[in-house]
Amino acid sequence: MTADIGTSLPLLSLLLWLPVAGAGLCFVSYRSAQLARWVALLTALLVLLLSLGCLLCPAGPDGWMLLTDRPWIEAFGIRYSLGMDGISLLLVILTAFLQLVAVLISWDQEKYPALLFGLLLLLEAGIIGVFLALDLVLFYLLWELMLIPTFFLIGIWGYRRRVYAAVKFFLFTLSGSLCMLLAIISLYLVHGEQTGSYTFALEALKQTQLGFGQEMLFYLCFMAAFAVKIPLFPFHSWLPDAHTEAPVAGSIDLAGLLLKTGVYGMIRFAFPLFPRAAEQSLPVLAVLALFGIFYAAWIAYLQTDIKRIVAYSSISHLGFVVLGLVAWGQTAWEGSLLLMVNHGVTTGALFIAIAFIQKRTGTRELPKLGGLWKSQPNLSAFFLLFSLASLGLPGLANFAGEILVLIGTFGSHPLWAVIAVGGVLFSAVYTLRMVQGTIWGPSCEPFDRQDLGRREWLVLIPLAVLVVLLGCYPQPLLDPLQLPVSLLLHSGGLP
Amino acid sequence: MIATVVFYFLGALAIIATLLAILQKNPVHAVIYLVNSFFALALLFYLLGAPLVAAWEVIIYAGAIMVLFLFIIMMLEVSPTSGPSRLAPTWLQWLPILLLAVALAACTLLLTGLDPASTGAVARWHATPRDFGYALFKEYALAIEIVSFQLLFAAVGAFYVGRPERKNKQEDGQ
Amino acid sequence: MIVPIEHLLVISTILFVLGLACVIVRRSLIMILIGAEIMLNAVGLTLVGAAAFWQRIDAQIMVIFLMAMTSAEVSISLAMVVYLQRRKNSIDVRAFDEMRG
Amino acid sequence: MAVLLTLTLLLPLAGGIINACFGNRLPRPVPVIIACGSVIASFLACLGALPGAGGEGLRVTLFSWMSSGTFQADIGLLFDPLAAIMTLMVTGVASLIHLYAAGYMEEDPDQTRFFALLNLFVFAMLTIVLADNLLLMFLGWEGVGFCSYGLIGFWYRQSENAEAGRKAFIVTRIGDLFFTVGLLWLFKLFGTIGIEAINGRATELDPLTVTLVALLLLGGACGKSAQLPLMTWLPDAMAGPTPVSALIHAATMVTAGVYLLCRMFPLVSLSPLALGAIALIGVLTALYAATCALGQREIKRVLAYSTMSQVGYMFLAVGVGSVSAAMFHLLTHAFFKALLFMAAGCVINLAGHENDIYLMGGMRRRSQTVFWLFLAGLVCLAGAPLTGGFFSKDMILAAAYAKGSPFYLTIYGLGVATAALTSFYSFKLGYLVFAGDYRGEELPHELPGLMTWPLVPLAVLGLFGGLLNLPHLFGGHSWLSAWLVRQGDVLDLPVAVEYRLTGLAIAVFVLGWLLAHLRYYRFKARESGVLSEFLLAGWRFDGLYRRLLIRPFNGFGRFCWQGLEEGLVNGLLDGMAATFVSWGQSLRLLANGRISSYLQGFIWGLLIIVGWFLLRAVA
Amino acid sequence: MSPAALQSLLPQLILVFGATLILLAGAWLPGRRLWLYSGALLAVLAALCAALLTPALTEVGGLYGTSLYARFCTVVWSLLVAATLLLSRRYADLHRFGGGEYTALLLFAGTGMSLLSAATSLIGLFLGLEAFTLVLYILIAFNRNDNRGAEAGLKYLVFGAVATGFLAFGIALIYTATGSFHIVEALGGLQSGGTLRPLGMAGWAMLLVAIGFKISLVPFHLWTPDVYQGAPAPVTALLSTAAKGAVLAAFLPLLNVMGSGAAEVKLVISLLAIITMLVGTFAALPQTNLKRMLAYSSIVHMGYLLISLLVGGADGGKALLFYLIVYSFATFGAFAVVTSLASEQHELQDYDELRGLGYQCPRRAMALAAFLFSLAGIPPLAGFFAKFGLFRAALVHGYTGLAIIGIFASLVSVYYYLRPIIVLFAQEEQATLTANCGARGEYLLLAGCCAAVLMLGIYPEPLLDLVAAVLP
């Protein structure tokens, strides 16, 4: 590892702690919604600027742009160890951006605004931390830190079945991550017994010599956590409920960010720590991913709640992401990571559009919607654009990632890629059904005839620009991925 | 040899008296039987070389505590007609518990019987009051202190709980 | 030599279990407390026997503490009995099952 | 030159974006002017760039789209003769149609959306044409699909329209799957997706691979060009505004499949099997569509089936190895079919927005101009001698005949039969619409000038389009073949054979006309009967697909949702949760508030512990 | 008693004489706040003494040790008593507690606890345990206007009396086997030939029942929810933290001094741990009363703590003490919230009564949520590192099965911790809420517990170091 470059300005720690501080401020100022709002906005903005500032840091030969490593809990061998490479960078920027959007979108929230903003910032800290942590316990801690804010986001500001959804989300993710915790501690013990140094540092634990059965067991435990978060079939059943019942900010965070942490965990932790087990598991993962793509698409096709459709579509798209990982190649991985970012933006945008639609019509049920273009042409246009991006129209965001995944996958496993191509068709089928029922057809009567307001424009335009830009010129995102991806691919000892 | 016979006799007496005590419907009768049992126990203590303990057994248990019980029974007017007969369990209720108790006793005894020490004999031995007093006030002085405080606070507690409800809560100051 | 320690344990265990049975089966609060007294007496017997067995005085001292403790306990218990009788007008333990579940 | 070429591509895009983003805020005629202006400017820029297309052609790389690992995709243009001729046609026809649309959509409140989509469509179509790699082509490919979707469902308030758009998008996307797989495979084979590179190195492949790849490309082309078996979307697509039908579903987008096959011809031609398949699909579609056209009642649906049929001819041309014949027919067809559609739009307008040809009649009296324009298109379609359609169709049939093998002779025979049918339904249409008396009730609508005069150049082009590639027999020099550097396509048949073939073509044309004249000159009554119903419903393919594909699709989806998702996965989880809680409930019964039962817990616990110890001690 | 012995016992002396003084003075001056505050002050003073004073003797009267471990326990229990006194201020006002008696009894309970965890002799252990148990009988029934308090007192009394019998019988049996009350000799002499002597087994069986009652292990746990529910909330706070902690702290050396014979006992303890964790968890699931739920939760936590007892040694000790302290903060905090919500008529216990409270009293509700999350072991709250340390210790020492069961239980337990949180925040507000606005002292305590729960969740190192230093 290179020396601590970030000493002059502890960028990584700032990224992690700034939102925490902001959240604290929000909680403290719980009496004044206005203050909390601005605190949240400024914090989110600052974090975004900081994360963009990280772009300026050059990457070392080992891929790390910034590293921070300090003792934390020496009694257990836990270190406060953060690091940023190209992969983290992209995801951190995505997080910061979407969180800013989430703050903006929640601006008018009247129900306990200070609490909401505080939780959003806390969640941001957790997610950013997950993307930066290089110590397994620190990672786990931040991984779980995401739980509480999300639980409240769904549980307090959600819709009708919010409690069920929130509890289900909590229990699901927790059960996965507890498996991971067990494996983390066991791995630490095995490593400690072998080397005499008890540590949770990722780099050190990679050197652990494991028997194959042991390795597979640990790997499965790790994957339990990640598979739930991604979510892979059949661990996905929390997702539709959580997405559907969550308020818009929660949906953005869930779909845009939380799901990505699972994939990130796979490439940063599960694969490098247990390369042999990972290799053995690839076919299974591929089958699950492929099955998930179609299964979720099929279910999405029959839903009548548009938010639920988008929720299932997330499962389907994440199937592509996992497929790309399974293909185990530069192009496929870069495609997966790109698709992750793009899916985050697209789906987040879709959820926002849906929230606006619901605000105006009071419903998300397809049979009650229709003909929105007549009264809300601008909103409908945005909705259409995001839907198209979601179904993978070339030139819009998702396509760039999907095609790279497919190309990469075809290179190593043509059959998987060919099957996956079918998923693209399916996504068109359900997405167009959703568009059809919402903006086309005979019009329903919206309660609120106002088209987009100023703040709504402010939120939607950057998203729309991004959706187009990421589709037309994804290269700036691919460049920083190149080195870390190739390092990760080749360090694991897999072909 | 006499001592041994007396021992078994007293043991049997204590057990029988206790058994009768717990089977009584009327608590007053039960207390009387129990006093019997305690007397037998006190004699056993004496036999086992603890005359002082034997004396206290009579004074404290049979004397003080059991009288206190009687006193409370009288005070609460737990009449033999209404209260106790209603409160006395039937044989049917006794049976499972007795079985359980027998099983428990059997297990415990089998277990203790397996210990090599259990065949060891209790020898004739006599602790003089001097030894006793020495140990009590020299070695266990601290324990005595603790016990005394315990008794104090128990008394306070008993007083607090047992005192009648005041109609007028004047002590609610501040 | 009077008896093997085993026999002493037999007597005290039987007494102990009798006390226990009394506590469980009886419903009158007073009888329950009496059962507890029986159990403590059984312990006393064991201790005195053990003292004789080891020819040491400690166990006898312990019996004294036990008695003191018992009397403290009894005083509180009986005060409670009075208190409960006054509140509920009953010394049937079955009357006290308001909290459950 | 490069700048002009770039402008050709980007001007429609700019127009589209401006209209999409700001169209609603601009005063009324400005969006239309922007739309038409940008396409016309694009046409002019294309004309300017044309000299660069000769020989090796012109290449422009704008920027790198994405590159990852060994994969590299640029936004790069390739302006070679094939692309040039196509670009010219697309921009030219699109310009005229834009002008026509300006009149057609004059009163529509939503015209900015219309023009934005139309401009975007032109951009996407030009992307297909000019792309130098398959991925960029795919971008255009999907782009036209989307624009077509948006324009078919333009009048979205009727659910059927939007449904038709969706159907078009999804059915073509089935074809796109094949294209995508082909693209992936080609990249794996060659490590590049550049069209020239692939064509140049195609000979390195083994025959089986070539055949499979070519078939995949054929699949893609079938979807876009509405060939069997992915043809069901095209007739429904007529729900869109007429200019859309003219531009997208007649002149340009549906021919994209043909263009793709021509583009990749060096590769495709390496597999005789694939060529045979292309030819077969082409001719079968041509025949199928021609029969369906016979049974249609709506004017635009007749034209839609005829388009399908004509595109089938183009496929046939590719299948028999004659790129220039395919492109020739593509061009003439673009002219006369655009003309026909737009004239049909005029007719519909004249008939007071009535679509049913059985409710028309006597239209000639309502507008002579429209009649003559429509007739010009009709004779081209029917293959009247010396019209553009005649020459191009003849070239295709001759090329099929020239192949000589029984398979191709059969195909030739089918092609000729189709030609007869074409002539028959063309004139049936003409008679029903223009001859006799008006049978409808609607009053005529005014025809804006913009809706008639852009048709004139098209009529001229259609009628004299044959000059583009006039065969030697008629004193021409096969200019198009030369331009495309496909001199080999110019057949060297004995003159007698050529005369025979030409004669046959004329004969079938006359036959068709005569039959139509006999039957339809005097209108009798609406046809009914099993056969005509069957033809009207397009051989009931829709129903077949619904039963074979859509219903099982829905059924399986329902199984996944209600069976697996709700029943198995969620049921299992909820059941587990319920079990846990019920355990808790039964444990609650233990805590019944009774002191004695609590104490029994003590005893049991003690008994177990002592018993356990006893066992251990004994052991 | 020698001056050296007095000095060594100074903290306990402060407590007990303070209690007596307040008791006496309280009879003359019936000021409630005055006595509560001065009691708290005394308790803090005792804690300070214990923390700062290096004792002159290593063992006092052959009964109580003065090791760092014992003093550390004294500090913790004294502080908890002080906190309870502070917490009781408003509650005592509302329910017209006799200030002098209440304070004195609590201080004496503190004495008993600190003696208990310092015991080096079985007699000392017995006396310490009985000292605070006796006092707790009264404290639980201290609210004389409450039937439930009376019922709770009765239940605790009956079980306490029976448990005393078991404890004494166990001690008697062990003495019979070894002839000594001193823990090291008595328990060390229980094994022969590498296994536990049968008499030792019988003695341990009785001891386990008694201890099982005190720290409410399944199946000796059934009293717990009833008593917790009925007792005054501040008393419950003490009952669930210090009272249990003191027993556990005393339990730890008992197992440690056993040699090879400990294996037999540990087998039984692991069985108890398993059923405690599982039964407690499942029984808590359907609870709809906050205090009962917390009671079951404390049962489950005792199950976890048994694991650390099994691990034993320095590792287990560290895990135990750290867990115990973190658990105490969270549980005490939770009961403090209950206390602060109590009105004159009743405590808000039922979930129905708590509905929408998150918006009426956001700070307290948030604090309660934090405590519950900490109990559930969700990062970044202290409960996580407590569980982490505990399961880590278990895995290090090969108790994999127990660790897995523990993790499973803590997973399921999340559900019942979430329920009140949902009730507080996620459900519609109730029209008529009877929550109190709470007193300053309560807020102070809540803030303190919250801060501890958060800080220890982020940076537990200082406490871990302290705990490691304290253990022998």
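Think of it as A, B, C, D and E in the order they're written, each chain with its own count starting at 1.
In the analysis below, a contact is a pair of C-beta atoms (placed from the backbone, for glycine too) under 8 Å apart; a residue touches a chain by one contact, two chains touch by 3 or more.
Since the model is a prediction, treat every value here as computed from it, not as a measurement.
Within the contact network of the assembly, the step distance from subunit D to subunit E comes to 1.
Among the remaining chains, those touching subunit B and also subunit C are D, E.
With respect to subunit C, maximal separation of chain centres occurs for D (centres as means of Cα atoms). Measuring from the average of all protein CA coordinates, the nearest chain centre is that of A. Counting contacting C-beta pairs between every two chains, the top pair is B-C. With centres defined by CA atoms alone, the chain at the far end from subunit A is B.
A straight line joining the Cα centres of subunit C and subunit E is 26 Å long. Here the CA centre of subunit A is 37 Å from the CA centre of subunit D. Centre-to-centre separation between subunit C and subunit D, using Cα means, comes to 96 Å.
Centre to centre, using the average C-alpha position, subunit A and subunit E are separated by 42 Å.
Contact with two or more other chains is made by no residue of subunit A. In subunit C, the positions touching at least two other chains are 5, 9, 16, 19-20, 23-25, 27, 32-33, 49, 53, 58, 61, 65, 69, 72-73, 76, 80, 83, 93, 96-101.
Of all residues in subunit B, those that touch two or more other chains are 97, 100-101, 104, 108, 111-114, 117-118, 139-140, 143, 147, 150, 154, 157, 161, 165. Under the contact rule stated at the top, the pairs of chains that touch are A-D, A-E, B-C, B-D, B-E, C-D, C-E, D-E. Touching subunit C in their complex are the following residues of subunit B: 3-4, 7-8, 11, 14-15, 18-19, 21-22, 27, 30-31, 34, 37-38, 41, 44-45, 47-50, 52-53, 56-57, 60-61, 64-65, 68-69, 72-73, 75-76, 78, 83-84, 86-89, 93-94, 97-98, 100-102, 104-105, 108-109, 112-113, 117-125, 127, 131-132, 135-136, 139-140, 143, 147, 150-151, 154-155, 157-159, 161-162, 164-165.
Of all the residues in subunit E, the ones that touch subunit C in their complex are 123, 126-127, 130, 134, 137-138, 141, 144, 147-148, 150-155, 157-158, 160-162, 164-165, 168-169, 171-173, 175-176, 179-181, 225-226, 229-230, 287, 289, 292. On the side of subunit C, the complex with subunit D involves touching residues 20, 23-25, 27, 32, 93-94, 96-101. Subunit D makes touch with subunit A in their complex at residues 20, 24, 63-71, 113, 135, 138-139, 141-143, 146, 149, 153, 156-159, 161-163, 166, 169-170, 173-174, 176-177, 180-181, 184-185, 187-188, 553-554, 556-558, 560-561, 564-565, 569-570, 573. Touching subunit A in their complex are the following residues of subunit E: 318, 358-359, 362-363, 366, 373, 378-380, 384-385, 388-389, 391-392, 395-396, 403-404, 407, 410-411, 414-415, 418, 421-422, 425-427, 459-461, 464-465, 468.
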